[in-house]
Structures are given as structure tokens and as C-alpha cells.
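One chain, subunit A, appears in both complexes that follow, with subunit B as partner in the first and subunit C in the second.
Let's look at the complex of A and B:
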């Protein structure tokens, strides 16, 4: 209902729509319309009320509201159902519960702030309010669980392409799940954390989590993290605030394109794009795989997406672990 | 290790398909590789208690445990290649330990590959008899990771 009224106001952008008209169109009372207008104002929408002509929509609040995301979203599946949470512990945990309760593919969870944003193995992900994008998607690909690792990689490709298209910023990828702002210091602007629910031979669900520093001031972060972090806003030349709703729409669209490409046999194309965006090739790295350490020079990635680390005549392929550049 | 014990070991495995045996004294680990490839590591017992146990007896124990596992216990296998973790973060306590009672659907470990986290859940009510992979070690597809004794219906 709130979304429908907002839709009507948007359709008449800049012109007044009367409460009477909207009430008739939606088959509700004028009081009901008035109540929804008040709730929109409370969310931060600028709405002028004119005595004779009606309501005029002004600026929208800087929030990732479902009504805003859906308006102009070009995807067919991703984001058709949106859960919007001003504050949540972790969007991935929330999406996982939805997935376990049967949420359909494409269900999107968005938060303005995470209180327990997570990276891999409990690494904290700093999540200040209303500045960045914290999202989790429920996917249900009909694949063998071993194929799920590719979703992390294709998400990196999709996010980098969307950021390039929408903001004009070149992002690089650090295998397997980090989004870096290209440049000599390779600071981290985002990360991906994918979680899998599966039986032995088929995937039940994949929860794909993406955190992206958009309009955050890096100087607002705690000391240790600050040195390694970047935000998209501060990577714009000149520095400019980014419309988070439109960026999110661009990411969802790219994700859908890459995901469909993957499901329809286009993995080679995705890995080719990953190689182009990869920042690790030629670097000397230590990879900590649990308790084991692999050291050497990155030779690239194999077609499965595993990292190839060469040490002398020996090349090892790495599927899991934390990569440290030395 | 006493050469006599080594000879006993070799005799014991002669008619099996075991092609490699690792034995570590202080940690009391015995690992063996079967023809198909996967290394199985079995923690036999606490070091202090194991010191006095002759090697052939120790080996006999494993055989007995394995035999039992085949008949009544259930082996949970990895459905993913990756790194096996018994705790959510390096600093937190493990999800479960050997001897822990578990419920069907309870989270008992995590496997990670390319930042995909796969929760390992118990597929039955029962008791964890063995954790067959050490925290932080690599697991292969189909590798046994837990031995669970199902609750006996009364």
C-alpha cells in the first residue's frame, strides 16, 4: 500500500496528486492515504501537501528502501522479494533463516547497519549506518555442492563490472572474495561471504553475502582497519557521493546476468573476466589453509577457479584459505 | 619404537589394502593410507595413557573400532573439498568434541572453500565417537569426517 502510493507520487513526478484521486484509484479511504503519506514522511520523504491540489513528492531519503530498489529494477528474479532491516546482526544469518524456511530464489535481505557483520571465520566487517551496502541473496541453483564455490567468484566479477558501469571506478579482485580499489596500494572496498546449505548431491540453498563500502569515510574506521580500507565515494575523482539505490540496482542486474551465464554453461567466460580483474598474478603470497601454509608466486587460476601457487618447479592449486601478499 | 613392534605392525597390515602407515609417538597419532588414497587419522588416546600400551595392542584397538564403525556406527562424509574447521572462529570453543551428544540437524563443523562456508550438520541423533579430521586440515570430497553412534531406540 505504501509502495503503491509512492508509485503514484513518482509517476506524477513534480506534480500534485490529490488524496481523493489516490484513494479512489486504490479503493481505500482518504484517511488511509493520509496515514501512508505520514509514514512516508517519517521515513524521510519530502512531501508537500497543498490544500487544493494534493501531494507533491520531493526528494527521497538516502535509504535502501524496497520501494526505491524495486522502482526501475531491471532484474527478473533477483530482488523480487526484499526484506529491509534498518539494523540487523548479520544479513547472511537472516537470509539463511529465510532460506531454511523456504524463501524463493532471488529473495534479498538489505540492512542499513549490521551489528555483527561477518567476514570469513568470524572476521569482523565494519558496518556503519546508512552509508554502505550490506546485502544477502538467497539462490537455489540446481547444482552439485562442489560447484557452489564458483558463485563466490562470479559475484566478484559481477560487482566489479557493476561498479565500473555505474561509478566508473576500476575495481580489482583478490582471490577469492575481496574487492579492491585498483591502484598500487590495493585497498579493500568490499567482500563476499557465501554460505551453503546442501545435501550430499544437491544444493538446497546458497546465501550470497556482499558488503561494499560506498559512501563511508574511511577516516571513520578504527585504526587497524582504516589502513586497509577504501570506499567508492572516496575513490571517485572528484570525490562524490554515490546513489546507493541505483548502484544496488546495477549490482543486482550484473549478478543476474553472470549467474544466468554460469547456469547456462558460460563459466569459461566468467573465469576469463575474473583473470582480467585479478590482482594476484605474479605476486608472492603466503596462503594459510587452516594449519597448513603454501608459499610461492601466484601463477594464475585454473579453469575451476583454484589459485595456482608456484614454488620452484612445483605448482600447487589452492581451493581454500587466506592469501597474504608478501 | 622397538624393531619388534615394527615387525608386528608389518605383519598386521600385510593382508590389508593399507599402503602407508604414519605413527607419531608423542601425539599418539596413527594414520594409514588405503589403496584408494584418503589418509585416515585416528587419535588413539591421550599420550599419558598410551605410553604404556604396546604398539600391537594399540593397532588392535583401531581394528576393533573400525570394525564396530562398519557394523553399528555411522560415518559422516564430506560433501566438499576444502578446509575443515571444528569451531566458528579460531578463538571460540569447538562446536562439539569426541563424546558429545548431538541432535539431528545440529551444527558440528564448517568446511570452507573459496569463501564458501558449508556448515556440517549431524544427520542423526547420537553421540560423536570420532572426529576423523583435525581442525584446520584439508578434506577431500567423500572423505569420512565424523563417526557417529546413533541413539539406540528403547
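Let's look at the complex of A and C:
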């Protein structure tokens, strides 16, 4: 209901809408409308009340509210159900619980702040409040667990395309799951954490987590993290604050496009795009794969999405691991 | 404490142990000993109390109690922590919750009865009370999710070896997860359900479920299931009730052996054993792999554990699926 009232106010943006008319249109009492208006004001919406003409919507709060995300969202599945959390330990952990309880494909978890944000391999993901995007999606692809890594790779492609389209910023990808701001220092602007629940030969659910530094000032980060981090706002020329709701909508749409492409046999096109965005090719790396260390020069990626590392005449394909650039 | 008292009684089997001595030995009061004796009696242990000489242990109840399983268990890791549940919806679901809460490798869940026992692909696993084995183990191998299916395969090998050793019954394996009683009709005596929680490129936990029809009368099953089911007891010649505790101990030991063999690079030996136990080779099958149907004659298994299905000049390797014998 709150979403519907917000929708009506947005439709008449700049003009007053009478409480009476909204009440009739929605089939509720004027008091009910008034209550929802108060609730919107509490969230930070500026709404003027004029005794004769009704309510006029002013500025919206800088929050990733479901009502805002859904307004104008062009996806068919992703984000049709949204859980919005001002603060949560980890959106992935929350989404996993939802997935285990049967949440359908496309369920989206959004938080303004994470108190225990995680990256791959248990690394911390610094998640200050109200400036960035911390999201997790529940997916239910009919796939073998071996293919889950492709979800990570296609998400990188989707996020880079969406950021390019919406902000004009070139992102690069660092295999398998990092989003870098292109340029000579390649600082990290985002990361992907794909988790799954599965039987040994089929996926039950995937929780796809994406953390993206949007409007954060990197100088606000603690020392160690600061050196390696970037934000999209600070990568804009000139520096400019980004509308997080619209960026999120663009990401969800690109994700849906790439995900459908993958499921309908278009993996080759995705990996082609990944190669174009890849920042590791030609770099000398050490890759920790389990207890083994693979060292050499990155020759590229094979069609399965494995990293090819060449050392002398020998090329090794790495299925998983942590890449350190030498 | 209860386990320790039971241990003392077992050590002196047939002879009385005085409550006074046990209390001293364990550093507790005689009342405390008496309370534990009452608790053991409640579980079904027959214990005689003799005024002068003390307590004499009679027969044990036919239950998979942790005290019984641990007594004489030869494993180093598997089953060192046991959760015993007279009734549970599903031992795998219970073990998954434990795994998510951080339960260590080797944690064992045992139930006398499951109300919603599951097999692969959501199939029901009929789980009547007190006659069979329903167990789930938490494992934490440092593996890629693609390798989880090997846990299923090695469990089949371990269960078949343990049943052969302990009961003298030849089991056959039906790829990937069924345990059959060898013979011309190949009825199902057990099944394996391997589930995992993972990041896209590394396993966080595996829950390894095994259901085994031990002392059940197949005639007690509902019609449809009855036709395809077998129990170990009814496969003994002559028919004989099996000591579930000792069989379970044998299975845990074999599982630990095969699991350690796998982790230390001995996969080839495991797959060799699987091939020896395989019942599908040469059979004409239809395999449903996702939305695809693969038909032909089974040529065997490759070294990765994939089923090879030959049709004319073409051989397809099947990574996952449901096999129907034509």
C-alpha cells in the first residue's frame, strides 16, 4: 500500500494529489492514506500537505527502499520480491536462510550496512552505511554444482556492463570475482560472492552476493583496505554522486540478461565478454589452489572459465584459487 | 557419565560391579551412579541390582545409542561426536543445520526413525522405526564443489565393503548412489544422499546421508516401494537379525578409510573398486540428465566417475542424472 501511494505521488510529481482521491482509488479510508504518508515521511520522503489540494512529493531519501527499486525496474524475475534491511550481518547469510526456507528465484536482499560483510574465502568486505550497494539474489538454476562458478563470472560481466552503461565508468575484471576500476593501479570497486546449497550433482539454490563501492569516500576506509579500494563516485570525472537506485536497477537488468543468456546456451558469448574485460592476461601471478601454488604468466581463460597460467612450455588450467599479481 | 558407567558394566560383563566402587572410580556420589543406572534402565538396558555385590548388566536395548556406537569404535574422526534422535524429519536436514552452525568434521547424526526421509532428487526414503540405519555425517573436505559427487561414489564403495565384511552379503552399486542386493533382481537395500554448502569454487561442508535397510521386513513396506526394496536381514542365508551397532561401526570405519584414501590422492583405487561393484555395465539405460535424455548401453565409468553411455558409434559421458534400466 505504501508503495502504491508513493507510486501515485511520483506519477504526479510536482503536483498535488488529494488524499480523498487516493483513498477512493485504492479503496481505503483517508486515515489509512494519511498513515502511509506519515510512514513515508518517517523514511525521509519530503511530502508537503496542502489543505485544499492534497499531497506533493518532494525529494526522496537516499535509500535503497523496495518501493524505489521496483519503480521502473525492467526485469521479469530478479528483484520481484525484495527484503530491505537497514543493517544486517551479511546479505548472503540472510539470503541463504531465505533460500533454505524456499524463497523463489529472483528474491533480492538489500542492506544499507553490513556488520559482517564477507568476500570470498572468508575475507572481510568493508560495508559502511548508506553509500554503497550490498545485495544478494536467490537463484535456482537447474545446474551441476561444477557450473556455479559461471554464475560468478557472468555476474562480473553484467556488473561491468551495467556500470559502463549507467555511469560511463570502465570496470575491469580480476578472475574470478573482483571488479576493478580500470586504469594503471586497478583498485577494487566491487566483489562477488557466490554460495550454493546443492546435492552432489545438482544445485538446489545459489545465493549470488555483490558488494559495490558506489558513493563511499575511500579516505574513510581503514588504512590497509584504503590502499586497494576504489569507489565509483570517485572514479567519475568530475567526481559525482551516483543514484544508487538507478544503478541497482541497471545491474539487475544486466544480470537477468546475462543469466538468461547462460541458461539458454549462450555461455560462449559471456566468456567472450569476460575475456574483453579481463585484466589479468599477460600478468605474472601466483595462484593458490588449495595447498598447491601455481606460478607463471596468465595466458587467458579457457571456455570453461578456468584461468590458464603458463610457465615455460607448460600451461596449467586453474579451476579455483586466489590470484596474487607478482 | 552415563556412557562411562555403561562402559564399566560392560567391562565386567556377567559380573556385578558395586555402586560404591563405580562412584569412587568416577569421583561422584553413589546417588549419582544410581541415577544413571535408572536412566540406562529407562533406555531398555536390563540391569540387575544385588544388595551386596552391586549391578550386573544384562541385555542391551536394540538401539543405536551413542554409548553403544562409541564402545569399540575404531575410527579417529568419524562419529567422535554423535547426535542421537529417536525420531527426526530427516537426518540430513538436521546435520545441515549442525554444519551451518559450525559442527566439526566427523559429526554424526543417527535416528531410529525419519518422518520425512529423503533420497536424491527429492524422492521419499521410507524410514520405519528401530530396524534400519539412518545416518548423516558432516564432512569438511578442502575440495571444489565439482568433486562432491566423489563422496557419493566412495560412500557406496565403503558401505558395500563394510556390509561384505560384517554380514557376508554382496552388495552391488547402481550409479551414482544406490546400494543393491546382488542377484538377478537387484533390489534396493540402501541409498546415499550427499548435500553440500559451498562457495562457487570451494566446499564449506558436505552432509553425507546414508539410509540402509537392515532388519526391516520388506513385506511391511507399502506396495510400490515393496517391489523394489530389500533388507540385509532378509538377504542373509539363513535369514538372521543383524547387530546394527556393529554394522554401523564397520561402515564408519570403512568410510573413514575410503575418505582418507580419496583425500590423500588414492581416487584411482576407489574408482577401481566402484567398477568392480558396478551393476550397470552392459545394461541398456535411459538417463535423464537435466532436461536431456541419454539412451544407450552402459560402457562403464570414466576415471572422473562419469557414466559412459554408448549408442552406436557415439559414447556420451553423463555427469549427473537418474538412471532407468530399460
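The criterion applied here is as follows: the second predicted complex is superposed on the first by the 326 of 326 C-alpha atoms of A that agree within 3 Å, B and C clash if a C-alpha of one lies under 4 Å from a C-alpha of the other, contacts with A are read in each partner's own complex, and residues count from 1 in each chain.
The rule we apply is simple: a contact is a pair of C-beta atoms (placed from the backbone, for glycine too) under 8 Å apart; a residue touches a chain by one contact, two chains touch by 3 or more.
Everything numeric here is computed off the predicted structure, so don't read it as measured data.
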Give one word, clash or fit, describing how subunit B and subunit C relate on subunit A after superposing. clash
Subunit B versus subunit C as contact partner of A:148, first or second or both or neither: both
Touching partner for A:200 - first (subunit B), second (subunit C), both, neither: both
For A:240, decide between first (touching subunit B), second (touching subunit C), both and neither. neither
Check whether A:305 is in contact with subunit B, with subunit C, with both or with neither, and answer first, second, both or neither. first
Touch check for A:1: first (subunit B), second (subunit C), both, or neither? neither
First (subunit B), second (subunit C), both or neither touched by A:293: neither
Can you tell which stretch of subunit C bumps into subunit B once we superpose, 25-33, 115-123, 259-267 or 313-321? 259-267
Give me the intersection of subunit A's contacts with subunit B and its contacts with subunit C, in residue numbers. 120-121, 145-146, 148-149, 151-152, 176, 193-201, 290-291, 319-321
Tell me, which parts of subunit C touch subunit A in their complex? 120-121, 142, 144-146, 148-149, 151-152, 176, 193-202, 204, 290-291, 319-321
Seen from subunit A, its contact residues with subunit B in the complex are 120-122, 145-146, 148-153, 176-177, 192-201, 289-292, 305, 319-321
Of all residues in subunit B, those that touch subunit A in their complex: 77, 79-85, 88-92, 112-119, 134-138, 141
